[in-house]
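I have a structure here, written as structure tokens, and I will follow up with some questions on it.
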Amino acid sequence: MIPVAVVGASGYAARELMGILARHPYAELVMATSRADESPTVDSLHPSLRRIVDLTCVPFDADRVAETARFAFLALPHAASLDVTPALRERGVRVIDLSADYRLKDPVVYADWYSHEHSDPGGLAEAVYGLPEIYRDRIPNANLTANPGCYTSTSILSLAPLIAEDLIERKSIIIDAKSGVSGAGRSPKLTTHYPECNENFSAYGVGRHRHTPEIDQVLSDVGRLTGEPVEVLFTPHLVPMDRGILATIYAEPKREVSERDLKDLYSEFYKDSPFVRLCEGLPGTKDSAYTNFFDMTLRVVRGRILIVACLDNLLKGASGVAVQNFNLMIGQDETLGLV
Amino acid sequence: MIPVAVVGASGYAARELMGILARHPYAELVMATSRADESPTVDSLHPSLRRIVDLTCVPFDADRVAETARFAFLALPHAASLDVTPALRERGVRVIDLSADYRLKDPVVYADWYSHEHSDPGGLAEAVYGLPEIYRDRIPNANLTANPGCYTSTSILSLAPLIAEDLIERKSIIIDAKSGVSGAGRSPKLTTHYPECNENFSAYGVGRHRHTPEIDQVLSDVGRLTGEPVEVLFTPHLVPMDRGILATIYAEPKREVSERDLKDLYSEFYKDSPFVRLCEGLPGTKDSAYTNFFDMTLRVVRGRILIVACLDNLLKGASGVAVQNFNLMIGQDETLGLV
Amino acid sequence: MIPVAVVGASGYAARELMGILARHPYAELVMATSRADESPTVDSLHPSLRRIVDLTCVPFDADRVAETARFAFLALPHAASLDVTPALRERGVRVIDLSADYRLKDPVVYADWYSHEHSDPGGLAEAVYGLPEIYRDRIPNANLTANPGCYTSTSILSLAPLIAEDLIERKSIIIDAKSGVSGAGRSPKLTTHYPECNENFSAYGVGRHRHTPEIDQVLSDVGRLTGEPVEVLFTPHLVPMDRGILATIYAEPKREVSERDLKDLYSEFYKDSPFVRLCEGLPGTKDSAYTNFFDMTLRVVRGRILIVACLDNLLKGASGVAVQNFNLMIGQDETLGLV
Amino acid sequence: MIPVAVVGASGYAARELMGILARHPYAELVMATSRADESPTVDSLHPSLRRIVDLTCVPFDADRVAETARFAFLALPHAASLDVTPALRERGVRVIDLSADYRLKDPVVYADWYSHEHSDPGGLAEAVYGLPEIYRDRIPNANLTANPGCYTSTSILSLAPLIAEDLIERKSIIIDAKSGVSGAGRSPKLTTHYPECNENFSAYGVGRHRHTPEIDQVLSDVGRLTGEPVEVLFTPHLVPMDRGILATIYAEPKREVSERDLKDLYSEFYKDSPFVRLCEGLPGTKDSAYTNFFDMTLRVVRGRILIVACLDNLLKGASGVAVQNFNLMIGQDETLGLV
């Protein structure tokens, strides 16, 4: 068994992660940290984990983590990961970071979108973007994996084959994305107060959501051999439900394509990706909720390519892919603990 | 038109109240107050009221209220009503208080359950409990009306005829009540954070909810001519929905009764109450949501009396009954603006 | 008072309609029809209407309607309106049809999308499309008004000023629309079974929803003086909530425009439309739910025009606009009974 | 691996069951049957099971089941289990029946509550009631296990220790139970149509729900050594959520008891029951949703005992306990595949 720590135990991604790790055949969850002074037990933070995780949280201490764990999953708010990652890496702990801190390769872009300087450019340079379906080869040797954002994974997995084959106009892409409320985190605020968002559907962050540069970056990298950079129009919405993201994606093809061609392309592209399910019918978020699957379907409508894609924002969009990365980093089958 | 003010404009009850008043044939909403420093417009607080209420909030000032309004509806948190009511009454403004501050006749009981002293015993002595179906005769002349709690109204209207007729054991009453989340107010907290209470059903405040002494007090008063005081066992629950309360109430009859007898009793008791709907079938909260009606049905099961009753916690349970009281206080039909 | 009948009383639009009519200052609801053999009371079909509508449904009979009512609101399924409209019009009853039967001006297009021949081409030729914000002048004299679809109204009101001014590429329009479940009607089916659509978000009818030709037709008509026909890409989705539609709409401008320009254009275009609310912030469906308002906001993002628009599908999208049409048809203010 | 069949694959309990069995270390799901003529694949019935269960349903045939499987899980409607169980048992297949057909020991009571004769009294006599926490010793050797109802398990597990110790008045018990909508099955009907039950809370089946005699029977059996039979007052309610049952239970103690005494009693009673979690705080349904745990807490309020208890109606209330029974029947740890 490989000893692992979860740094930042109080949020939803941490809860899901600890649940998966508790059942994982090779991981042993040996430590959970929390900033709270009272050292809460994990099951007081997350009653659903009673009898599943029997740990008391401790304050974060890099030495203590390094003494007991070989891997640290960081489930911290953005910017907070920057404070702990260098110390952990110096001590030889391999890090899987669920925050956004190591996702954007260009520190200037990071500073622009997250409104503070990136304090660990060395870490940033070495970090591997942890989306196995795109960067499967790089992850096994990574010592720092930047777990992708939930909207980002949905968008990239939907579009990567089209970009790789240079089939679409790169400035025509519209990503109309809808997320359950758990994506907004666990801190109460008015917009996520039940009587405000229940029976309500709304757009937010129009034109300025932080997953935009992340999508642009990875898709531009996927298409780096051909054509211009990708610049998507990304609009997130809040759906009155707990979990799940659905993206409806529109793009103009560069040449005429049939649905048959597209399906063949995607089947081939994802033939080694056990968590990608190409669907004939239109997937709903409920089909992939509580799983690590990514579901999608392709259509051609009035000459445009239309993709409908779903995943569970807390699993394939956060904690599930984190464990998928962990599996690759320990040289095992990426599905362990996840099916 | 009678000029009225709403003191405390930011919550849900205030929103509903201002919407009703905007359509009322005799009331004119001339002022809304808010503690916020920025003097927000009403429609910035409540976008649904755009083009319906065109007011900018002002800070509370008793003189200013008295200059412009003859009635003040207080939609303030508990304790805050105590701070403004005496000043308003001194200035001749008639007050309809939606908080709990003037509901409990005994200041000692108030202090026990609300954890602070009652600073206006004179007001308390004069306040009329604003449940028209029970105290219809006292309300027209009241200068201070204490609007009942939402659970309280549901419970009292369900049980009053049985108590008045001394048909049930007064310590056998169990009120198992369920409320939508708007009942918890508009301040965000973890228990009302969407991903916590959505898809969740839970009990809270078991044995110590503040509506308990209010139910006991009014039902004991209804039954003061016969028998002992009422002492209910009241259990509130939170339902993942916006609005509505349903109470399932159990009581042991003192003598055998038929459903027919009970229906006759209730029809007679409520024959002048336009908002009480006695139902043959089992009512659901959705039937009375967005209305000022109170729906209920009666059953006898295995020798026990069982009542299922519903109302909209924000209307019949708060702002609707406030306007019903207002109508009576201005000598008009109690249904004005409410159907 | 003007006597009116509701033909087809069992669905959600009929329920809302009867509720509005019961409060309307000039309409008197004198008849409700239902295909059910048992002649149900309206309040057995819709318990929320107890004490509001006191009618027993009768089977449809054109003579009987003509004897008692001057207006008939048809809340029937598609195709069923065709069976009753000619008989009503022959008898001098003015008809407001909530179905799709008289919306598409070209019977061939109707036959294509609704899979049966149009049996009343005469009626079709005379029918006025009942969207007051676009065809306000034609409605007062109409004897047959075709009430628009809910998605359609949302889409047309969002785009009409842009088309009228020829500001956008007419084949670039993407309408990504999301609707609450009441839009699917009241007949139970698996897709609207609670445990299927709750906590689920899904697309449906991709590329083949019947509101597509309706949107194309009206927008093409709005832009008939300039440029080519409109051909939208319309994608509907199902949101786990009762009511409300939100559309996120994308279009390529023909020339550079600022948000300021767009707001001025819309303010002018809708200056006489009391139910259009142009918003600074992003509207959510809850702001306009239970009202007859249409809320929208405009943005320019990465060179593209982006519109977010909402309405209540049962009110502004169905029964509210029907009463708005009725008001115009009786020569009154269009807001009567609706605010 | 032990080959097992699921008879009746289309419902929610079957879906959950097949998901658990797919991950079970000793079970191999070799057959799924369906009455549908078209032989659907399991994943066309349940898209969430794509890549998890790769089977095509076959029509039920007892010989075919017996040839390939040693166990059959019956996820059939009531009465349908009676049609297949004798044939399976004759052929040596061990049966775990999720329907109500073998739960009530007295065929007269069964006929009364289910409105048809019991055609297999022999099977009924041999059937073991499959609630491991109560009948753990009898299950290993059973060849026919009658899986308990979801409300029933919740109620029995809450009350068994009190009855066993003869601590409460047996006719004072009130069970006010609330269930998510998946408990109503997968067949669409008006009461479970989304716009009807969403934002609605309602009671149903007051005084005549079929789980009543089942609760009476088992609790009377638990208390058979002391005192009179149990006769509960059971009221079910429908909660607008997918899954989970919460029961609030009231009982009069025969003698004064403290919360401390009660907790000690329950800790001892359930010390060998890994799925019973006694909670300090009040449990919500969400804590046990998607798990096989039963959560409960005890209170004494105004002299009465009050219990709040929760479980997931599809898991601990149906498919989870079915696998728990299976584990015991194959002589293994009852938690296999369930944590």
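Note that the chains take the letters A, B, C and D in the order they are written out, and that residue 1 is the start of every chain.
By our rule, a contact is a pair of C-beta atoms (placed from the backbone, for glycine too) under 8 Å apart; a residue touches a chain by one contact, two chains touch by 3 or more.
Computed from a predicted structure; not experimentally measured.
Enquirer: What chain lies farthest away from chain A once each centre is taken as the mean of the Cα atoms?
Expert: B
Enquirer: Of the pairs A-B and A-D, which shows more C-beta pairs in contact?
Expert: Output for the comparison: A-B.
Enquirer: Taking the mean of the CA coordinates per chain, how far is chain A from chain B in Å?
Expert: So the centroids are 46 Å from each other.
Enquirer: Could you give the separation in Å between the centres of chain B and chain D, each centre being the mean of its C-alpha atoms?
Expert: 40
Enquirer: Between chain A and chain D, tell me the centre distance in angstrom, where each centre is the average of that chain's C-alpha atoms.
Expert: 37
Enquirer: Multi-chain contacts only, two chains or more: what residues does chain B have there?
Expert: 180, 198-199, 240-243, 283-284, 286, 289
Enquirer: Within their complex, state which residues of chain B touch chain A.
Expert: Residue positions touching the partner: 12, 180-182, 186-190, 192-195, 197-199, 240-243.
Enquirer: Given the complex with chain C, which residues does chain A contribute to the contact?
Expert: 171, 174, 176, 178, 180, 196, 198-204, 206-207, 231, 233, 235, 237, 239-244, 246, 248, 250, 282-286, 289, 299, 301-302, 304, 306, 308
Enquirer: Give the list of chain B residues in touch with chain C in this complex.
Expert: 23, 47-48, 50-52, 199, 274, 277, 279, 281, 283-284, 286-291, 293, 295, 339
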